[in-house]
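Dropping a structure here in structure tokens format, bear with me for questions.
Labels A, B, C and D are assigned to the chains in the order they are written; within every chain, residues are numbered from 1.
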């Protein structure tokens, strides 16, 4: 199993061209945040922005507009229940995150379907949380553009998605299932594993101060952000998984619990230090 | 009377297991925050999160959704007036805080009753402020699952709850009443006293810069948070009472008034320093 | 003319008693903030809280509830257009600020009248901005409890209030008019003058980095806060005027413009340093 | 081509008179922020305030009131779709920013026309983003008070506005078109060019960490702020263009991406350092 280490992540970090501009740094659309879990979408979008995405939009329940702009005025808002508006915004994005705080209502299923049916082959889709549950529930009917899809299940979601029982859980079995899905899988654990193409990578960073809600939402935003900035998408994904945990490792020297908002705030400093 | 000191609190602070995850760190539900006092519920939830709770939900007036997500995107929102939704969320929680900013309206009484009637024997209930007043008013009719209940009255609330007149106020008398109530009592004073099982504990921290609104709401969140994380619930409670004041003692070296939001922000740093 | 200097303000700063609690530190009610100027009431309330008030409530347009709680969860909210609720809250307050962002509509005039007619002789009233304009407009009909009223006009408001033309502006003339009004007057200038009882005091602090909107709203909050905490009300007022500017003087060494929110944030640190 | 350097910007920075007050520091009105892009108007207003404007108002969709006050209580709010209210507020302003997050709907076109038709010869108008697009679309019918207009197009907007094709893009050609428009043009690039009167100025600051959404909105606020404070408007504009990028250059030593909100926060410190 390959290890994601600071050395290679440092090596992969791109140096921005002098004359770059926001449209070259990726447009991320975070789809999620129902009437109860708006914060999840805000965390995902914040992480995307602070990790360097050129443009960030949030498709969410109309209730979340106020908090989004109050926390993150750099982001744009879309009503995720307005199908036309959602479709238009999907078309304009380079990377779409689907799932943080999305919920499992009928309305959220419609949102799920609109995204799945609209996303095209050139775009990247990061599927998380309730997005994965919708995928499991709809797997017989949903037409999924799997080529560029990244699934970020926690162990429970992976079990439902793969059908693999915990006792039999092994990297080889996970890899076989990942290939059947024809997707990239980020299996979130204390040492997160990434199944991509024919390779398996294990994260070397992370610590128990990260055991707090919103951590997964934050990871989706970092992944989406780097996918929009890096030429090499595998390097982007592996770097995102590492950075998310490595930032927490640094913060854990000062904080008993490393909250997602703290990790987000520290991301651009961590990335700069990595570059130096 | 036993003293809660830094030494024993430091000793009790758990070291997280390497492979822990958010569901093991306790799910706290803060119920409160009507149309006038939404900030109280936000403070309680913020304190719970910054003290390390794995998951934090807020059941409150729908008016408070915007401010909650704007301040604390890590938290989830529940409409406390939607009885079905409230009941479902109570069932999912490990620890429930009831009272901060709840108010004394008919609607808030319904909320109070729903919580009291839904909470089960394995859960912990922290009852504060207007929650205590409802308890006093309804004491003849409400069926209270007293085993795991923690009451956090200030002196005026304790007087109404215990029927003890201030002149006759003594630890022994308080203890007798606490046993009758079959509850744990945190009597908030300049040196807060905790009546738990057969023991009386006195806080050794605290200072007059804490004389500001929202301080009690903040304490409820810390208590709930540690109850969700510690194996030993007595240690959790006593540690929470101490940490709340000890953080303020440190901040009071720099600030004339130590606002709840400052205490909350500094909590994870204080806890880390305690661990080192 | 007496000078308000650091030495006397330092001397007057009270040391809190060890067993004090929030109800002893003053309950401040800020009335203001219409549909366009909600920030003014938020600034006033924030300043009151950060200067040490025990409890702070804001009576404002319902539109401002969200932003208030998002910025200042320690404060309570009241709908200022709900006359019954407003009256009840006035009765519970020790100090009332009336004016910041209040506006000049018919509705705001009703609010003005409710406050003027409800406030009692033991309470302190700080009248600012649109509150002063309403006073000028209604001077023939409004029954004003002048004993404990503090007016905080800028030069234009003072001219309208006093009828004194700028060319003839002199401390003696101002004092004569202040005595006619039987009120305390804080005349805001680059060196603010306070006319109280038979004395005239001149501020020795202040600088041009303070020339920005919201500065006066902030001053009202500090005045109200110290009135609620100090035994000696003259000392409270003069200290508030000084602290507001002295904080800005310190910040102006680092910032080209010293925004109200920065002054508010730094207040409890400044006050602590003064105490040491 | 003239260069905008630190030396001349430092030289031009005004020292505020001791007895100045907010009305002398310029009243900036930012018009923009529809139901999807409210953050853009908030960023523009925030930048105006943190760069020292005496008063800042935001005319925006009513949906953005909450987030505006939550982030920036110093600013006042106006419903941009209320034509009477918008007109009144335009009349009271010294500098108007039109465009950030304005959108291209019919309603936004009405807003555009109201501003264009109400602004007078003594006021300054900064036209950005969707404001420029409306100008292009309406160029045959809109009566534009070009004397004091500053256009801040990015390359794509400039192409549509000027009709100049990219291959033929040259400073001389740009200047010729600028003179035809009888406006000042800030052509945003990695090295931004300013076409003003008969002169062409090139910015010497800026770096690729600025390639993120909201950067242009932030620039409009700084420009408007300095226009309201400086006697010499050319110096104000050139200084604003420089400061915006120079702040980012300093921050880029610490941050991988320099977000607009970070630049805004650091502005008053940067300006103070420039003054020392």
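Criterion: contacts are C-beta pairs under 8 Å (C-beta built on N, C-alpha and C of every residue); 3 or more make two chains touch, one makes a residue touch a chain.
Computed from a prediction, not measured in an experiment: that's the story for all the values here.
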Copies subunit A and subunit B touch via same or different residues, half shared test: different
Inter-copy rotation, subunit B to subunit C, in degrees (Cα atoms; steps of 5): 90
Chain centre separation (subunit A, subunit B; CA means) in Å: 34
Cα-centroid distance, subunit A relative to subunit C, in whole angstrom: 48
For subunit B, residues that touch 2 or more chains besides their own: 66-67, 70
Touching residues (chain side subunit C, partner subunit D) in the complex: 35-40, 42-43, 46, 63-64, 66-67, 70-71, 101, 154, 189-190, 207-209, 211-215, 252-261
Subunit A to subunit D touching residues, read off their complex: 16-22, 24-25, 49-56, 65-70, 72-78, 267-269, 271-272, 274-275
